[in-house]
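Presented sequentially are two complexes of chain A, the first with chain B as partner and the second with chain C.
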Partner chain A sequence: MSALTATILEDKMDARTKSVAPDEGARLGFRLTLPAQILVLFISAFPLLMQLYISVTDWSPLSGVGWWNAWEMWNSFANYTDLAADTRFWSALQRTAIVMLVCVPAEFLLGLALATLFADDFPGKRIFYSILLMPMMVVPAVAGYMFFMLFQSGGPVNDILSRLVGTPVTIAWLSDPNLALIAVMIADIWQWTPLMFLILLAGLVGVPEDQMKAATLLGANAWQRFTTIVLPKMKTIIIIALAIRVIENFKIFDTLYIMTGGGPGVATETISVYIYKVTTQDLIWGYVAAIALAILIVLSIVAVYAMKRMAKSREVPA
Partner chain B sequence: MKRSVPFEIFRYAAILAAMAVTLVPILWMVSMAFKPIGEWSATGADLTWWPKHPTLANFQFVFGHSTNDLIVALDHTAVKPILSSLLSAVFGTVIAMSAGTAAAYGLSRFGSGQNLPLALIQLRLFPPMAVMIPVMIMWAFLNLNDTWWGLALIYGIVTLPFAFWLMKTFFDDMPREIEEAALVEGCSRLRVFTRITLPMMRAPLASAALFVFILNWSDYLIALLLTTREWVTIPVYMASLSSSMTGQLYGAKAALGLIAAVPPVIMGIAIQRHLVRGLTFGALKQ
Partner chain C sequence: MSAIHLQNLVKKFGDFAALKTMDLEIADGEFMALLGPSGCGKSTTMNMIAGMEEPTSGKILFGERDMAGVPMGRRGVGFVFQNYAIFTHMTVRQNLAYGPKMRGTAKAEIDRRVGAIAEMLQLSPLLDRKADRLSVNILQRVAIGRSAIMEPAIFLLDEPLSNVDAAFRAVMRTELKQLQRQFRQTMVYVTHDQLEAMTMADRIAVMDHGVLQQVGTPLEVYNNPANVFVARFIGAPGMNLLKGRPAQSDRGLVIDLGPLGVTPPLSDDLASAVRAVRGDVLYGFRPEQVTLAERGLSMPVSFVERIGARTIVHLGEGESAVKAVFENDVGLSVRQTAVVAPPASSVRVFDADTGLAVRAG
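Right after this comes the complex of A and B.
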C-alpha cells in the first residue's frame, strides 16, 4: 500500500518537474493571481452559503443565538413565500424600475447632446469639458446633501422659480410624495449625465472623419450623417454606457437616502433603501438574506442572458 | 469641419446653460459653507446667494467643538472621521491595487486566472446591499466592525474589479520587447515584473490608484453599515450632524461636504485622460 502510494507520488513529482518546472511563467502567474482569487472567494463563496443558510430561518442578531445555530429557527422557506406577498418589496422594486426608466434615458440623451457639441475643437473646449465632468466626481453622499439643501421649501430652487414666476413659490419638494421622487431623480441625472457625456464623447471622437466628409460631399445632411454613420459606429459604446448606468442606477442609495431617507413614508423607497431599512430597523436578517438572494439570482440570470446576447452580436461583424 | 456662425452661437449658449446647471448646486454648498448661522436658512427676500458676512465659523465649529455663534457643541469633532476616511480609503486602495496589479499581470502575461475577469465583473454587478448581511456577520466575527482597517479590507475587495481591469488593459497595451530582452539577458520572470515592468508602469499605476482611491473615498453605504461610533467616515459623520436644538446644521454640514468633495474632484481632473478606461472596465480607451 505504502509502496504504491510512494510510486504514485513519485510519478506525480516526475510529472510536475517535467511539465511545470520549465514553465516558470505558469507558476509565477498562479502566485500572482492567488491574492485576488482568495479575496474573490472570501467575498463570494462563504458569504453566499451563509446567506443561503440564514435565509431559510427566522434568525436575527437579537435572537440570542449565534448565526451558526440559526437552524434552530428553521421556518421552512416562509421567508420566500413572505417575499412573494410583500407589497412593500414589490413597490420598492417598481419604484427602482421607474427611477431607472426615467434617469438612464435622460442621462443618455443629455450626455449624447453634450457630446455632439464637443465633437470638434472650439475655443475653451478643455476648460468647459473639465467643469462639466465635475458632478460625477463629487462624493454621492455630498451630492445628496447639496440637493437636500437646494430643494428646501425656502431654498434656492424655489427662489429661482419665484423669480421666474414673479410670485413667491414655496413648494415642499422633499415632503411631497410625487415631487420627492422627481427631486431624487433630478439629483441622479445631475450627477451621472457627465458619465454618459464622457463615455459617449470618447466614442464620438473615434468616428472616422473621412467617412463624414464623404457623406457630406454626397449630400447627406447632419441628421442623416448622425443616424447612418455615427450611431452605427457607436453601437457598442452606447450599449456599454447604458449597461453601466443601468447597473449602477439599480443600486441607487447614497444621494437618495441622504435627501429623503426613502420618505415621505415610502414614497422614494427603492430596493436598496428598503433592504437597508429592514436590515437596520426591523433587524429581521433571515428575511433580508432571502430578499438579497432572490435579487442576486435574478440579476445573475439577467447578466448571463445579456452576456450571451452580447457575445452573439459580437460574432456578427459590425 | 467648418461650422456656421449660428451653430457656434447655439453651441456656446447650450454649453453655458449646462455649465450653470452643473455649477449652481456646487456653488450653493460652497457659499453655504462660509455663511454665518443667521444666513443658513434665510428664505424669501432674505435668501442670499453669496454670504453677506463671510465667516470661517463653520470650519472652526466642525474642527473645534463649538463657536460663539452656536449654542450647541459637538461631542466629537471632524478630525477623526477625516482620519477614518483617509486611512480606510488609502489602505483599501493599497489592497485593491496590490492584488489587482499582480493578478492583472499574471493574466496578461501568463494566462493565469482565466475566471477572474468575469468573476470580478459579477462582483461589481451586485448591489452591495444584497451581500451586506454575511459581510456584517463576518466582520463582527473577525472583530472588524467599526474599525478603519475593517473598512479598508472591504473597500479593497469592492474596488478590486476596477484595479484589476484597469491594470490589465495597461499591461495588454504595453510593448513586450523590453521584457523579452531582459528575459534573454537571464533575468527571472519575477525580477522582470518587479524591476522592469512595474517601474515602467509608474504613471498608469498612479492613475489607477487615484481612480480606486476616489471610489473608496466616495463610499457611504458600506461605512454606514460597518461603522457606528469610533471610526465613522466623513459622509456618515456628516449625515449625523443635526441637533434637536438647531435642527439641520446647514453651514457645518456644507463645510464638511466641501472638505469631502475637494480631493476627488482635484484627483479626477488630474486623471481625466484615464477616466473612460476606468469607468468602462477598460472596454474603451480615450
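Right after this comes the complex of A and C.
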C-alpha cells in the first residue's frame, strides 16, 4: 500500500500548494494541520529515503555497522546493475504478471456475474450471500493450508476428478511446475472473488432502477441495457475494484508460500517470494531495497494511472 | 388503433388489492388524466398499461390487441417518469437517439429523426450538452423527446410535474398541452394535482382506494360529482356537505339540517329524486357558488383567508363547517354572522348511506 499512500500524499501536497489562499483562515488551517502533515510526511518519506540510501550500499544486518553508517559500504549502484541482469528477478516479475493477468480478470468476471445474480431477489439469497463472503474472511495462511491439503495427489481434488472420470486420477498438482502455478491461481481466485463481488454489487445496486426501466421501454434488451447503462454507470467503481486487486495481487505471498514455498524449484516464485528469500536466506538487504524500490515504481505507475482514469470518469458522474 | 381498453382489471400485491376493479375506455387521441390521492391505484394502473406489472386478472387491450404477456419493450408506449429517468451519463443527443439505436436504425435515419425532434422541442442548441447539467424543464423535454422519437401510439406520463416548483408548473402545463396537440397521441397522465388534471385533460378518471370513482370531462366531474369522495376531492376547497333529513315545507322540499335550520327549497327536479331516498342525505354546494342572502343558512364566521383574487370565509365549525369563496373581498369578519344561500340550481344532494349522488330525474 505504500505506493498508494505516496500518490495520495503527492495529491495532497499538490492541492495544498495550489489552494493556499492569502486569506487568514487558510493560513490558520495550514498551521493547525502542520504537525499532522509533518508526521504523515515523516512516516511515508523516512522509510522511502532510508530504502533509497541502503539500496546503493552492500549493507546487511550482519555487516557489523549500523544502517546509518551504510555509506561505508557504498557500491556505486551495483545493486541496480545486478538487478537489471538478474534473470531470477525478471522471471519472478514475469510470473507475477502472469498470475495477475489471469487472476484479476477471472475474479472480476466471476465477481461481476455473481453481483448481477445477487442484484435481483431469489429464495435463499441471504444464506448464499453469507456463504459467498466466507472465503474473504479466512486467514490467508489457513487458506494456504486448506488448498495444500486439497491439491495433494491423494487429496479431495483428485478424488472428485477420479469419480467424475471413472478411473483413478493421480495428478501431482503441487509438484508439477505448470500445474502448481494453476493451483496457486485457483486459490487466489477462490479467496478474492468475494471482494470483487462485494464492491461490484455495491456499484450495481447504485444503478438507478428507473433508468433501467426507461431503457427497457425504449426497446433495449438485457445485453444492451448492460453495456449502455450498467457498465458506464459503474465505471468508477470498476476502476477502483481493479486497482485494489491489481496492487494486492502483485504482492501475492502468504497463501502461495504455504502451498508451494515458491516451488517446485522456482516455478511459483513471485516477486514477493523472491524478495522474502533474498531477505531471509541471502541476507543482502541492500539488494532487497533496490528490488523493493523498483517494484514501488511499477505499482506507483499503476496507481497513478488508475487515479487519472478515475478523475476523468468523475467528470461524467454516474 | 391506439385506443386503450381496460376490462375488469385487478391488481393484488399479496393480500393487498392495489386495484380492486377497473373498467375504463380511453379513446384514440384522448388526453386522459388518472387523478386521485396517493395509494389510490393510479400509478399501478399506469404501470400495468406500460407492462411494468402484470395484472392479477382482467384484460388490457390496445385497440383490438390483447396486451397480456407482451413485454414492456414491445408495447410501443412512451413513458415519462416522475423524475424523468434521463440517462445522466449521456448527452442530450445520445438520450434522444437511444431508442432508435437500440432497434438498429440506420445512422443517417437516427440523425434525421433526432434533428427533427430536437427542432420541435427546441433542444437543438443543447444537443451536445451532458444530461446531468440540465434544468428540470429541459429534462422534461428530453424525456418527452426520447419517447416521442419512437412515435409511440400511446404516451404515459407519471406525475411529470410533481418535482417542479409552483411557478414553473404553470408554464409546463401549457407546454405539455401544446405538445399533446402536436403529437396527437393517446395520452394517459397520472397526477394527484387536480389543477393539472382539470387544465390539461379531455377527460378525468377519479380514483380512490383502488376503485374508479367517476370518469368525465373536467366540468362534468366538477359540476356533477358522482359521489361524496369526488365532491370533496375536486375543487379547492372541495364541495361543502351538510348532513340533514329531507322535509316538506310550504315552499317545497327542503333539507332539515338540525341546529342550522332548514335549507332553501330544492329545485323541483331534484326534489322528486330526493323524495325517493330513505334516511339521511348530504346537502352539497360549491364554496364558489355561495352568495350572501336575506334568507338562508345563518352561520358564524370563524376564519377569513384573503388571498387577493379571492377571499375564503370559514363558517361554523365541526360537522357543520362550511367554506364560502368570494371574489376579491367581502365585508365579513370573524365572529360576525353570515347568512349564506347557494342558488337552487347549484345544489347537489348525496345519499348519506351510500355516498352516491342523488341525480335529478
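The definition used in the following text is that the second predicted complex is superposed on the first by the 262 of 318 C-alpha atoms of A that agree within 3 Å, B and C clash if a C-alpha of one lies under 4 Å from a C-alpha of the other, contacts with A are read in each partner's own complex, and residues count from 1 in each chain.
To be clear about the criterion, a residue touches a chain if its C-beta (ideal position, glycine included) is under 8 Å from a C-beta of that chain, and two chains touch if they have at least 3 such contacts.
Because the structure is predicted, anything quoted here is derived from the model rather than measured.
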item: Joint occupancy of chain A by chain B and chain C, clash or fit; value: fit
item: First (chain B), second (chain C), both or neither touched by A:198; value: first
item: Which superposed partner A:227 touches (first chain B, second chain C, both, neither); value: neither
item: Which of chain B and chain C A:94 touches, first, second, both or neither; value: neither
item: Of chain C and chain B, partner touching more chain A residues; value: B
item: Which superposed partner A:69 touches (first chain B, second chain C, both, neither); value: neither
item: Partner chain in contact with A:81 - chain B first, chain C second, else both or neither; value: neither
item: Chain B versus chain C as contact partner of A:50, first or second or both or neither; value: first
item: Touching partner for A:214 - first (chain B), second (chain C), both, neither; value: second
item: Minimum C-alpha separation between chain B and chain C after superposing on chain A, in Å; value: 7
item: Chain C-contacting residues of chain A that also contact chain B; value: 213, 216
item: Complex interface listing, chain A residues touching chain C; value: 208, 210-211, 213-221, 224, 228-229, 232-233, 316-318
item: Chain A-touching residues of chain B, taken from the complex the two chains share; value: 1, 3, 8, 11, 14-15, 18-19, 21-26, 28-29, 32, 41-44, 47, 49, 95, 98-100, 102-103, 105-107, 109-113, 116, 119-120, 122-138, 156-157, 160, 164, 188-190, 193, 214, 217-218, 220-221, 224-225, 234-235, 238-239, 250, 253-254, 257, 260-261, 264-265, 267-269, 272, 275-276, 279-280, 283-286
item: Footprint of chain B on chain A - complex, ascending; value: 24-26, 28-33, 35-37, 39-40, 42-44, 46-48, 50-51, 54, 67, 113-114, 117, 120, 122, 128-143, 145-147, 149-150, 152-156, 159, 168, 190, 194-195, 198-199, 202-203, 205, 209, 212-213, 216, 237, 240-241, 244, 247, 250-251, 253-254, 257-258, 271-272, 275-276, 279-280, 285, 288-289, 291-293, 295-296, 299-300, 303
item: Parts of chain C lying in touch with chain A, wherever the complex brings them together; value: 50, 52, 72-74, 77-79, 81, 83, 85-89, 98-99, 102-103, 130, 132, 146-147, 150
